[in-house]
Each structure stands twice: as C-alpha cells, then as structure tokens.
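Letters A, B, C, D, E and F mark the chains in the order given here, with residues in each chain numbered from 1 onward.
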Amino acid sequence: MSVSQGVMVVLRRDLHLAFRNRGDLINPLIFFMLVATLFPLGVGPDPDTLLVMGGGVIWVSALLANLLAMDSLFRSDFEDGSLEQLMLGPQPLWMIAMAKVISHWLVTGLPLTLLSPVLAIMFGLPVTALPAIVATLLLGTPLLSLIGAIGAGLTVGLRKGGILLSLLTLPLYIPVLIIGTGGIDAAVSEMVWSGHLMWQGVLLVLGVTFAPLAISASLRVSISG
Amino acid sequence: MSVSQGVMVVLRRDLHLAFRNRGDLINPLIFFMLVATLFPLGVGPDPDTLLVMGGGVIWVSALLANLLAMDSLFRSDFEDGSLEQLMLGPQPLWMIAMAKVISHWLVTGLPLTLLSPVLAIMFGLPVTALPAIVATLLLGTPLLSLIGAIGAGLTVGLRKGGILLSLLTLPLYIPVLIIGTGGIDAAVSEMVWSGHLMWQGVLLVLGVTFAPLAISASLRVSISG
Amino acid sequence: MKWTFFHRMSSPKWFYDFSGKCLPWVGVLALGCIATGLTWGLLFTPPDYLQGNSYRIIFLHVPSASLAMTVYVGLAITAGIGYIWKIKLADMAVSCLAPIGASFCALALITGSIWGKPTWGTWWVWDARLTSMLILLFLYLGLVALREAFDSKETASRACAILAMVGLVNIPIIKFSVDWWNTLHQGATIKMTERPSMALEMLVPLLVSIAGFYLFCLFVFLLRLRAEIISREQRTSWVRSLLGAKS
Amino acid sequence: MYFDSIYELLTMGGHGPYVWAAYGIGLSVLVWNLFTPIFQGRKTADAIRRNARREQLRHEQLQREGR
Amino acid sequence: MSQLPFLSVSGLTCERDERILFESLDFTLSVGEILQVSGPNGAGKTTLMRVIAGLSLDFRGQINWCNQPVEDDRPGFQSSLLYMGHQPGVKSTMTPEENLQWAMGLHRSLTREEIWGALEKVKLRGYEDVPCYQLSAGQNRRVALARLFLAKQKLWILDEPFTAIDKLGVAELEQTLVDHASSGGLVMMTTHHEMNVDYSGFRQLVLGEKQ
Amino acid sequence: MSQLPFLSVSGLTCERDERILFESLDFTLSVGEILQVSGPNGAGKTTLMRVIAGLSLDFRGQINWCNQPVEDDRPGFQSSLLYMGHQPGVKSTMTPEENLQWAMGLHRSLTREEIWGALEKVKLRGYEDVPCYQLSAGQNRRVALARLFLAKQKLWILDEPFTAIDKLGVAELEQTLVDHASSGGLVMMTTHHEMNVDYSGFRQLVLGEKQ
C-alpha cells in the first residue's frame, strides 16, 4: 500500500467526520459572521468608521474562527488514542499531519473565504475590493492553518489547551494579518495589491515547506511526554 | 455540614485548580491583550479611528476572552466524572453551578476588568473615561459569565463544544455588549453614563435570579442524556 | 374538563390522528393562498410610483419577516409550556419549529437586502431593525446547531427547550438594546419606510400572501412534527400497527 | 396582467434581476421546507427497517450459539 | 426513620435505541447485602446503575428508598449514596490528597490523618503529593477507591470498581465490600471478575438472560 | 530477511520521577511466544510497552527487532507492529465498521466482508452501523479488538486488552492470542486477569519484584 494512499485515508476520514457532524462545517462560518457582527454593535453603525475597519475586522474574525476550530484538530484524536495509532502507522507522521491540516483548511478556511464577500458588503466595502479580500484570505488561511497546527500539536497533551494555544499562535499569526489587511487596504484605496499577494505566496511556500516538520515534531513531543 | 460549606468547598477547589496551573489565571488576560492588539494591527494606527473603536474593541475582546475560558468551565469535570459526583452530592446543583460561575469570574472577568485601563490608554481613550470602562466591565463581566455558563452546560456533553458554545452564547451577549459600550461612549463624549450602569445592574439582577436555574437544568440534561 | 382536553392534545397519538385529518386542508389552502398572492403581486399589481417594480419583493419580504418573529415567540412559549408541564409533544414541536423559523428569517434577510440594493443603493445598513433580524437568525441557527449536535433526540429537544426559554427572556432585551444602540449613536443614514398608506390593490395581495405564508408554515410544521412523532414513537404499538398497515 | 410583454415582465424596468432573484430564492426556501420533512420521514422508515434487520441478526447469532 | 434502610426496585424497564435492555425488573437490596449485577457486554448493567443513582431519567418503573419513592426526597437519598461510575472523578492535576479532600469534602469535613489513613489503605502512601497524571491507570483508580474508606454513606453503587486494579488489590477490595455490608451497609456493583467472596449476603442479578 | 523475526531487549532502564521502574531489563521474544508482563499497579508495565512501541523515548538501553536497533528502521518496525494502549483509539462518532475501515486502512485496503467477519467474531454483528458512543464500555473495547482479526502485523503489543470484556469474551480472546502466536506471531501483553492458557510458548515477565 502506497504512502499517499494512507494519507488519503486520513484525509477522507477527517472530511467524513466533519460532514458527519455537520456542525463542524457550519459552525466556524457562523462564528466568523457573529464575531464580525459584534464590531458594528460595539463600535457603532457609522458607515465611514465601518468602511475603515472592514478589512481588519474580517481578517481578525477569520483568524479567530480559524483559531477556535484549531483546538480540536488533534485533541479528539489524542484523547481517544487514535493519534498514537496514526503515529505508529506506516506513513510518516508529517504526511498525516499535512492531511489533517488540509482537511482543517477545507472545512474552515475555504468556506470562510467564500463567505467573506458577504461580510465585506455588509461593511460597505467597495465591490472593487472584493477580489483582494478573497485572494488574500485564500492565500492567508492555509498559512493560518499550518501555523496553528504547530501550536495545536504542542498543546494537545495539555489539560488546558484552548487558551494556551491562542497565546502560542496569535503572535505568529500577526505577519499574516498585517500583510492580508495591507492588501485589502491597498485595494480599497485603489492601489496595486499584487505585492501583498506575492508576499503571502512566499510565506505560504515557506509554511508548506517547514510547518509539516514542526507539526510532526510537536506531536511527537506531546505523545511521548 | 451546611449547604454553604459545600459550596465553599467547590469554590475553593476551583480557585485552587486555577492557581495550580497558573496558566488559567494569566491566559485569559493575555488573550484579551492579544485580541485587542490585533485590531490596531488590522485596522491601522490612525489615532482618531482607534479612539472611536477603543471602547468597542475592549469590550469585544473581553467578551471573547470570557467565552474562550468558558468552554472549560464544566468540561474537565464532565470528562473525568467529577460532575456526576457534584450532581449526586448533597448540595443543590444550582448552588454548585453558582460556585463555579463565581470562580470563573474571579479568574477571568475580574483580572480582565482590572487590566482594561491599560488597554484604554493604549487606544488613546481619555482618562475621564477610565472609570466608566472599569465600572461597565465590572458589572458586565459577571453577567457574561452567567449567560455563558448556560451555554457551557448545554454543550458540555458534546464532542465539539468550543465553537458551538460561542454560537449559542454570543447572540445572548449582545445586550451586555451594547449597554457596556454605550456607557463608555457616553463617558468619552462626556455625557452621563449612570443610566447605562443602572441598566447593567438590572440585567445583572435578572441574571443572578434566573441563570442558576437554567445552568443547573442544562447540566442535568447534559449528564442524563 | 379543560385539562382533559389539554392532556388529550398532548398525546402524540391523538395529535397524529388529528393532524392527519387537518393536513390536506391546510396544505391546499396554503398553496392556494401563496400561489394567488404571489402571482397577483408579481404580475397583476401596478408598480409603486416611488420604487417602481422592485417593490414586488414586498409580497415575499413582509410575510417572511413577520413569520420569522412570530415563530420564535411561538417556539419559546411552547418550550416553556413543555418544560413546566413536562409535555413531550411540546419539546418535539420546539425542535421542529427551529429550522422552519430559521429558513424564513434567512429569507427575510435575503429578500430585504435584495430590495435594499435598488431602493437604498446598498445591500446592508446597520439599522436597528435589520441588525435585530440578523441576531434573530443567529438565535435560530444556535437552536438548529444544538439540535443537530445531540445524538439522542430526547436530549436534544430538552436542551433546545432550555435554550429557547433563555432566548425568550432575552428577545425583548435584545430588541430593546438594539433599538437603543442605534438611536444613541448617530441615526442610521437610511430609515426603513414606515408602513405606507398602501393602495388597496397592493394591500389585498399582500394580505393574501401573508395568510398563505402562515398557513404554509403551519403545514410544514405539521409535516415535520408528524415525522418526528413517528421516529420517536416507533416502538409503540400504535406506530407499529400504523407502519405495518402501510407497508 | 400588468405587463405588456414577456420582455417587460423579465426586465421590470431594470429591477428584473432583483425581483426575480428574490422570488427564485423565496421559492427555493418554500420547496426546501416542503421536502425536508418528507426526506426525514423516509430516513426514519429506513432506520426502522435497519433496526428490524439488526434484531434479526442478533437473533440468528443467538440461535447459532445456542446450538 | 428508625427502620433499616433498604432499596427496592419494581417494574423497572429501560429501552435504549429501540431495544429493551431490561423489563419489569424487581429486586430489593437490604442492609447487609452485596448485589453483583452481571451479564455480558452491552447487557445494560451500567444503564441500570445510572438509573438507580438518578443520573439517567430515561426509564419507567419505581425506585424506592426506605419505602419512599426517590423522587420525593432526592437530597435525602443522595446523602446516603456513594456512586462510582466508569469515570472515577479523579482530577489529574490534583494530588491524591487534594482529590480525596475535595471529593469527600462535599459530604463532611475531613482531617488530614483520615485522608492519609485512607491512602495508606489503598497503597498510595508516598504518592500523596504527586499529581495524579503522573500515576498509573491502576493508581488513579485507587485514588477514587480510597473514598470507600472515608465514606459514611450507606448505599454504595460501584460500576466495575476493579478495573485496572491488580490481583492483591482486588482481594482487599472484596474484603472492604464485605466489611461494609456486614457493618450495616448496602452494596450494588458490577464486575466481570469472578467474585471470590464467602459471605452470606452476597447475591447476583444476571441481566440479559434472554439473549 | 529470511530469518524469523524476533524482538530482543537488553539493558533497558527506565526511571520516572526519580524512581527506577526497571533496570537492565533483558529479554527476547521470538516467534510463537506470548509474553505476559505482570506486576502490581504502578510497576511500570505500561511504561515498558510504550517504550518498546516507540511511543516513549525516555529510557536507556537497546531494543532490537531482528537483530537491528529499532531506531535504524522505524518504518519497517512499525509496519510489523500492532499496538493497543489503555485508550483503544475508537472514534465515538463513527460506527464500528467505519472505525475498523479506517484503523486498518492505514495498513492495507479491506473489503466489507472482511470487516463484517471481524465484527462477527467480536459479537458485534448487528451493531455495524450504530455510532460507537451508543455502545457500552465493553462493546467499545471489542471494536478495537476486532482489529486483531484483520491484522497482518507480526508483533502485537497489547496493554490490558481484557479491560471491560466479559468472561466469555476473555476466553475467546485468549484463544485468539494463542492462535496468532502458534501461527508465527509474537504477543506481548499485560493484564491483571489470571491467564488461562495452556500453551507452550506462554511466558511471564514480572516487574516490580523489588517492591
């Protein structure tokens, strides 16, 4: 049995589980919408302020939704012993980790990106900025998933995952956030935003190269600790 | 042994546990700071915008920090069987629930309130508004804990707590958020904000009256389900 | 005497039989009203002198918005009754009403924002009414998600009942605070039009369509509740004989 | 009918896309509401059949063991 | 209540997922008795225990404690009940001492000596202040079982208390149960071990016969 | 590798928390053998199993698989290892069928008939499509154990596999282990049950003697 086949098994299983309890699929989306709605309620309905805040709020909400769904990435597998089984399987651990990250992204990052135009419109962002929003999120959310998975791997063995995970990963998310919102701002003020996209691409390539190793190392530490 | 003594046992244990893994104490605080700092990063450093956003962002961050810590309120007790023990103990369940809510507030809401002036100053809010910020948070965060605990009780038996919990409770948090930020805004524009405070008080009284019953009912459903 | 009626009504079997008798009538009436109201509104009424043809959305928008709110109140009251008097049927009704209400709430939001584009020039404003509708949608979604998350239907409906009751206390508070929120800050740029003194030729189809939507809601609610009853009571002898007779 | 031609009915003086989109979505919501309970009923029937099969299998296994 | 306490169950029926686990179950448990509920996996032992303890409300029938329905006086029933389920309620970040202190603290105040004595009895002396996540599976179970030595409750409901306990430990535990019963207690338990007790009040209730 | 596979351990020392659990442990496990690691609670049985499986790296000493240190060829070692710990790795939202499909799917593709056959062997026919959270403790364990009937791996490391299994099930499982060993497998296991096997290759390793 080939290695990639084993990876496909993991990927299929995770997607299957997500579709099984459909909540997994929709809840991050609703959370995303909800957090974004909190801001107008907190800050006030003035359209000008909302326009300035829009891009930032969308990105911060995406980031938090991603983070919240991250906590359960390895936890349930750790608690019921599946993670040990995965680690002792014939596939290299980093491949399995990648499969899990991909399924996480397909379940949270991607739907969230697809929903973002709706939020953008609700914040009154110009239609011309929509491609920038979708593009930056499309390149940015996989990176968030990769970085978050490192933190999730490190904290999975700990009794208080959730909030410690955010501490570890939020600082690492900041560059992604800055570049992403920078791109949106550029698009809103009708400047070129391909530069930001390029930087995101570079970061993504870096992430895809190094994160799997870091994730598998952190999982190893958590299991053997 | 009197009933109140049993409640004290629970309260003491929870605080003890929180101080034991000191992370519980600091993590919500750091999360609060981190989320609040994400905004200037996402939105840009313009002082005027930040001033307008300040109160709202502080409240939204407090709310999210509260929510994130909420998920673990009953979860670990549920998973290791302690919740069953508490339910079968001689104290009424609603008292135990109250003890847990109080300890949750002491560990998250209170420190967060005490830290809020620092954030307010970072957002450039006027010093005259600081009392309003502290006062609204002081009355508002216990209410958040009470409402959140209902959701936590309902979701504790479920495999995917975290994000479902936010979905259930965030809409219910909205009035607290609106009144809280309303008070801060009034203070920033140097109007009277005692009316807001009064409303918060009314809500808090309502919450203290009804929430314990709802919490214990929801815990009962989760355990017997 | 009143109580015996109450009890009889709360027996799933009685309700199943009774609703079986009403069902066709409600269905025919609902589809008839909706078809009449919508085609009338879409094809036969003159355009509004201010908004042109876009106002035809009203025949969808107002019925669904009004239903969304009514259904939540009904749902929460049912939950309260079910919880206090421990009526199983009421718990079932709560979990059946949630998805229906959610769908109409979403429809009100969607039609509203589609209507907003040609009339206000924007899809969305953070107006009090719109925002509270959005929050209502979240409340509905919370109920639906909670119901989906539980494995056992009994537990799910009990949990939903608790959440719905909490929501009942909160609905007026949310409504009040959102209204207040928007008037405290600078007023919204655009206010939703108050009910215009509507021409009769528009009002009648609107009323027909509203009636149709309410009947339709009742119809699908009965359908759902009956399916739920069957699935919950499948062990009882009356369901067995019912299914046996069918297949 | 108020409209003179099909074309006018479709465009509605520029508001056509909005109105038709709204009605389309409205119709699909109605249809969704109509069909989910029906599917749910079918699923329940399936589950009941499955349960019967399970009971039967369990019975068979017990009989086999009994012998 | 001068009368000796006893538990009586009548007409207890429970169905799970369209399958009847037990039907019209009747039994009485009086002072001095140990009742072992046995049966194959999935027979419904755990379900029965949870129903009697009041953790599960999904049943029909009547459960009486001292001739009074338990619903009528839950607090009274609960104050004489010690329940231990599959999950023993041991907090892994606390030490055995703290765990005991807290678990029994709901019922009464304890001195340190009492706690240490109980830990001694389950062979955990020397581990009083080691956090429980550093203990082995069996040691964790023992922390929970130490409660038995501190309990003043009459009725013990124990669901597979011997899980993960070594042979010597099982023998000692059986003795503890006999001691409790013979000094006026009631024990209801499940286990897949062969019980090795020579005690007149020991009875068995077999579930899932029909299967 | 024409040679028969075997596991040899030499000079294995493990200390936890300043306490030596085992020191200079030497043993060999060859084809056809069943090794029961026994000892009181906290003796270090689980620790030993995890060390050998490669889950814990906190040890000194040498572990060889076919005369080759396991570090040199982890993938090779892992592909002939079936490990089952205290937590059996059963996803509670999936059905038994899906659980097996996935757990073995990492190693090889399975047909539906194979899976159903394995579930039949652990008495779970009729439960193939019930989500596992609806199963009892013992039935959940059985889902995990069904893997044994599908495994092509040689070396089985099982940590208390009999937990929560009823008496009949334990007897059948013992037979399964004997069958595996006698058809060229290696078994290393712990349990607090009295093993009731009459098999020439059955051996015991007692830990925690000094205690």
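Criterion: a contact is a pair of C-beta atoms (placed from the backbone, for glycine too) under 8 Å apart; a residue touches a chain by one contact, two chains touch by 3 or more.
Remember, predicted model here, so these are calculated numbers, not experimental data.
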> Do subunit A and subunit B face each other with the same patch, meaning over half of the contact numbers show up on both, or with different patches?
Replying inline: same
> Of all chains present, which has the mean Cα position farthest from that of subunit A?
Replying inline: E
> How many degrees of rotation bring the Cα atoms of subunit E onto the matching Cα atoms of subunit F, given to the nearest 5?
Replying inline: 180
> Rounded to the nearest whole Å, what is the centre-to-centre distance of subunit A and subunit C, using the mean of the C-alpha atoms as each centre?
Replying inline: 35
> Measuring from the mean C-alpha position of subunit C to the mean C-alpha position of subunit E, what distance in angstrom results?
Replying inline: 48
> From the C-alpha centre of subunit B to that of subunit C, how far is it in Å?
Replying inline: 32
> From the C-alpha centre of subunit A to that of subunit E, how far is it in Å?
Replying inline: 46
>> Multi-chain contacts only, two chains or more: what residues does subunit A have there?
In response: 21, 23, 27, 30, 34, 41, 44, 46, 76, 159
> For subunit D, what residues touch not just one other chain but two or more?
Replying inline: 51, 55, 58
>> Where in subunit F do residues touch two or more of the other chains?
In response: 86, 92-93, 123, 130, 134
>> Please output the residues of subunit B touching subunit A within their complex, sorted ascending.
In response: 21, 23-24, 27-28, 30-31, 34-35, 38-39, 41-44, 46, 49, 52-53, 55-57, 59-60, 63-64, 68-69, 71-72, 76, 159-160, 162-164, 166-167, 170-171, 174, 177-178, 181, 185
> Once bound in the complex, which stretches of subunit E touch subunit B?
Replying inline: 53-58, 75, 78-79, 81, 83, 85-94, 98, 102-103, 105-109
>> Considering only the defined contacts, which subunit F positions touch subunit D in the complex?
In response: 120, 123, 125-127, 129-130
>> If we count contacts the way the header does, which residues on subunit E are in touch with subunit F in the complex?
In response: 16-17, 39-43, 46, 86, 123, 130, 134-139, 141-142, 160, 163-170, 192, 194
> Can you name the residues of subunit B that touch subunit C in the complex?
Replying inline: 147, 150, 154-155, 157-158, 160, 164, 167-168, 170-172, 174-175, 178-179, 182, 185-186, 203, 206, 210, 214, 217-218, 221-222, 224-225
